[in-house]
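Each chain carries a letter (A, B and C) given by its place in the written order, and its residues are counted from 1.
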Amino acid sequence: MILALAAGLLVLAVLALILITTSREAWPAFTHMGLNFITERTWDPPAEVFGALAFIYGTALVSLIALIFAVPVSIGIALFLTELAPRRLRGPAITVIDLLAAVPSVVFGLWGVLVVAPKLVPVYRWFHDVLGGIPVIGSVFAEPVGSGRSFMTAGLIVAIMIVPIITSISREVFSTVPRADKDAALALGATKWEMIKGAVFPHSFGGIVGAVILGLGRAMGETIAITLVIGGSTQITPNVFASGNAMPSVIVSQIGESTGTFTAALIGLGVVLFAMTVLINTLAQAIVRRAEARMRGATS
Amino acid sequence: MTIPQYEAATVTDRPSVNINAPTSGWGAQDAPHAAGTPVMALKDVSVFYGTYEAVRGTSMPIRQNQITAMIGPSGCGKSTILRSLNRMNDLVPGARVAGSVTYHGQDLYAKDVDPIQVRRRIGMVFQKPNPFPKSIFDNVAYGLRINGLKDNLSDRVEEALVGAALWDEVKDKLKMSGLALSGGQQQRLCIARTIAVRPDVILMDEPCSALDPIATGKIEDLMHELAKTYTIVIVTHNMQQAARVSHYTSFFTAEVDDKQVRHGRLVEFNETGRIFTNPSDKRTEDYITGRFG
Amino acid sequence: MTTTLERTSRGAPDLTRRALSSRRRITNQVALGAIALALVIAIVPLGLVVYSVISKGGGIMSGEFLTGDISLSVRRAGGGMGPAIIGTLLITGGAALMAVPLGVLGAIYLNEYGKQRPLARLIRMLADIMTGVPSIIMGLFIYTIWVLTFEARSGFAGALALACLMLPVVIRSTEEMLKLVPDELRQASLALGARKWRTTVTVVLPAAISGITSGSLLAIARAAGETAPIIFVVGAVNATNWNLFSGENTALPAQIFSNASQPFQIAQDRAWGAALTLIAIVLIFTIIARFIANRFAIKER
């Protein structure tokens, strides 16, 4: 009993220790930079200037792109599995998603940097030629970087990696929609799609929001694949075809040769990332739980 | 064991109405049909789940503006038959219907028949009240919206809620969630949702089994009212309810065949009065007098 | 508009598909088509990744590649991934030895003792949050608490980081399995006068062992593919280091990462070869887990 409790408390201890030790190690950087740590856009280690804004921006942009691609696909797959697929197709389809989840992130990164990025350059160029002239939108689709290693490539690779998590939670959410609700819609002469819109979506909205936020948390923490395909330059630009950098990538690629305040600043990036992901995950868990509780209330 | 033919008794008992007669040339008529002419007819209907025959050989008419009740012990296949009347059984993997179910003379299971159109005309109210997690208004408007009937939406919603005897209770809170209503109100909301699209036939699958006696009474009164406009088929496990509301009653039972497999089967179909006072089958009599089930 | 609100009984009811308005029919077909397309969209990248890894990694695969030491040159052919394979197995194995017993114990607390008590609910919530903590944060954590403290990188530091990643996953998957064990079993044992602890060890755990094993194997498979948390805590070596506790080490994901960043063909080929090896290891764990789960599953009721 005591032993088991201690093991349970280990979770609490690890989380607390992460916060304490990383904050302590990052402290020199925080005191050195103050609030500028997250508002300054210059990252110049030799000059001891550590502004994380460009990396926060990169993480946000890559995550946004990933969500834009992954969310519709994941919801589509989840709907296919719960509402459309004939029973004999369901098993293989689930296996595909499981396999997608089983491929290590570094392998996606390898594939992304050596195969996908070069192949996407002409595609990016085409989008730039077509949309580049339009005001505002044109600045988003500006001149592509020659290597193809960009926010967009990183976003696409991360999208593939978060599809399994969003799909599996969405699937659970959809499968809790009561049969009675679907029957009610169909008995009114609804087509299958109208049934999904009218009976499945209203029931699952909260849960889907939770699933998307969990996917966001995963996207923000993704490190190795992004490091390989994002290009590694420190800049804030609306151009999704330009190269940039993200918080985890900066940590992993620079911590090897860092010392003193530089190391502290990199660990500081980790503290910011940790705080952001814990916040987002807590929010997601709360939303999913509330949605589940509400659904149970509605069906009982 | 030989299986007696109840079908013959069923039809010949009411020589005035032949279930086959009015189905031909139905569409040519413009005037509302006289109450009592069959809208639907089941002929030798069996329902299979995979290879298991859940109900076998059911034949009966469903008459215009009348309430037809299906009673019997649980597992006798009455709900299964009900669900075959608007092709809700299609949704169960492996389910198959043999025999013919006709609606205004058309075979509902013919190849070119679209279940969506069938369900649009033959609506259904379920055992447990199942409003959508939306506002009261949106619940009723759902069927209208999907059918593209967006003009005069609020008038139509009001009309349906009036028709379901719910308007006075909810007219000030149409934006409230349908789930916030009491069980009886929820069931009437589901009825309003069903009649909003003006179906022809309303199927009710034990609509009061989850309700208290007062709410049940309200629904029963409502059914009498609805029968003036609609044809109603109700499955109920409550014999008194069948006796109170219905014009016709069919009694189903479960039989065990020589392989020890249970099948549902229609024992007797007749006017409700006859079924409850002078049933022609011993098993019906045993059931309604409480000796069985 | 083909739909009207006329009482349908007055005319001949058209029950065919033609009666459905073309707008509704097309919307339905387009939407359902898009839903099915989503699955195809997910299959394509999976297929392409697998194809790339097999076709490019297969070329370099050989006995020497699987056992040889890591070459110091990124331009000349030769060498292998032996140290990285051993490193991956050692580090992941070490992580599993720490995380699985602790995770199972934690789950026993949650399901057998804590149940819905506030403390248990807190731990459950934290475990869920910990599952979502990015793997690089676990790496940073071990970096600060271990590498900076002892000023030494080692395989054990990597194992610690992976153990932190696996712990919450093992706890939650084990708890789900313990939940499936019917209460009658517990009561039967308790009724015979067994203590709660004895009941748990002799009755509950054996009943759930296959689920626990498969859940743990899946967590191990996930961890084996992790790169970020180990890359700056284990260091780098070119020869096999069998000692987890002293001296730097290496692992397949780290080798893929460093070789993928090289502009030279030889290095890139090594990355593909290492990727194929890694995927094979992950897949073997996953398949064994699935097999155990399917074969010995407690029947859900």
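We adopt the following convention: a residue touches a chain if its C-beta (ideal position, glycine included) is under 8 Å from a C-beta of that chain, and two chains touch if they have at least 3 such contacts.
If you want to know which protein each chain is, UniProt gives these names: A = Phosphate transport system permease protein; B = Phosphate import ATP-binding protein PstB; C = Phosphate transport system permease protein PstA.
Remember, it's a predicted structure, so these values are computed and weren't measured experimentally.
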{"item": "Most widely separated chain from chain A, with each centre as the mean of CA atoms", "value": "B"}
{"item": "Chain-chain pair with the highest tally of contacting C-beta pairs", "value": "A-C"}
{"item": "Euclidean distance of C-alpha centroids - chain A vs chain B, Å", "value": "50"}
{"item": "Centre-to-centre distance between chain C and chain A (centres being mean Cα positions), rounded to whole Å", "value": "17"}
{"item": "Chain B and chain C: spacing of chain centres that average the CA atoms, whole Å", "value": "51"}
{"item": "Multi-chain contact sites of chain B, meaning residues that touch two or more partners", "value": "116-118, 121, 146-147, 197"}
{"item": "Chain C residues counted as touching two or more neighbouring chains", "value": "20, 24"}
{"item": "Contacts with two or more other chains, residues of chain A listed in rising order", "value": "191, 194"}
{"item": "In the complex, chain A residues that touch chain C", "value": "1, 3-12, 14-15, 17-18, 21-22, 24-25, 72-77, 79-80, 83-84, 93, 96-100, 102-111, 113-115, 160, 163, 167, 191-194, 196, 214, 217-218, 220-224, 227-228, 248, 251-252, 255-256, 267, 270, 273-274, 277-278, 280-282, 284-285"}
{"item": "Chain A-facing residues of chain B, complex", "value": "86, 88, 91, 93, 116-121, 123-124, 126, 128, 130-134, 142-143, 146-147, 179, 190, 193-194, 197"}
{"item": "Residue ranges of chain C touching chain B (in the complex, touch as defined)", "value": "1, 3, 5, 7-17, 19-21, 23-24"}
{"item": "Chain A to chain B touching residues, read off their complex", "value": "87, 178, 180-181, 183-191, 194, 198-199, 202-203, 294, 297-298"}
{"item": "List of chain B residues in touch with chain C within their complex", "value": "26-33, 39, 64, 103-104, 106, 108, 112-114, 116-118, 121, 146-149, 156, 197-200"}
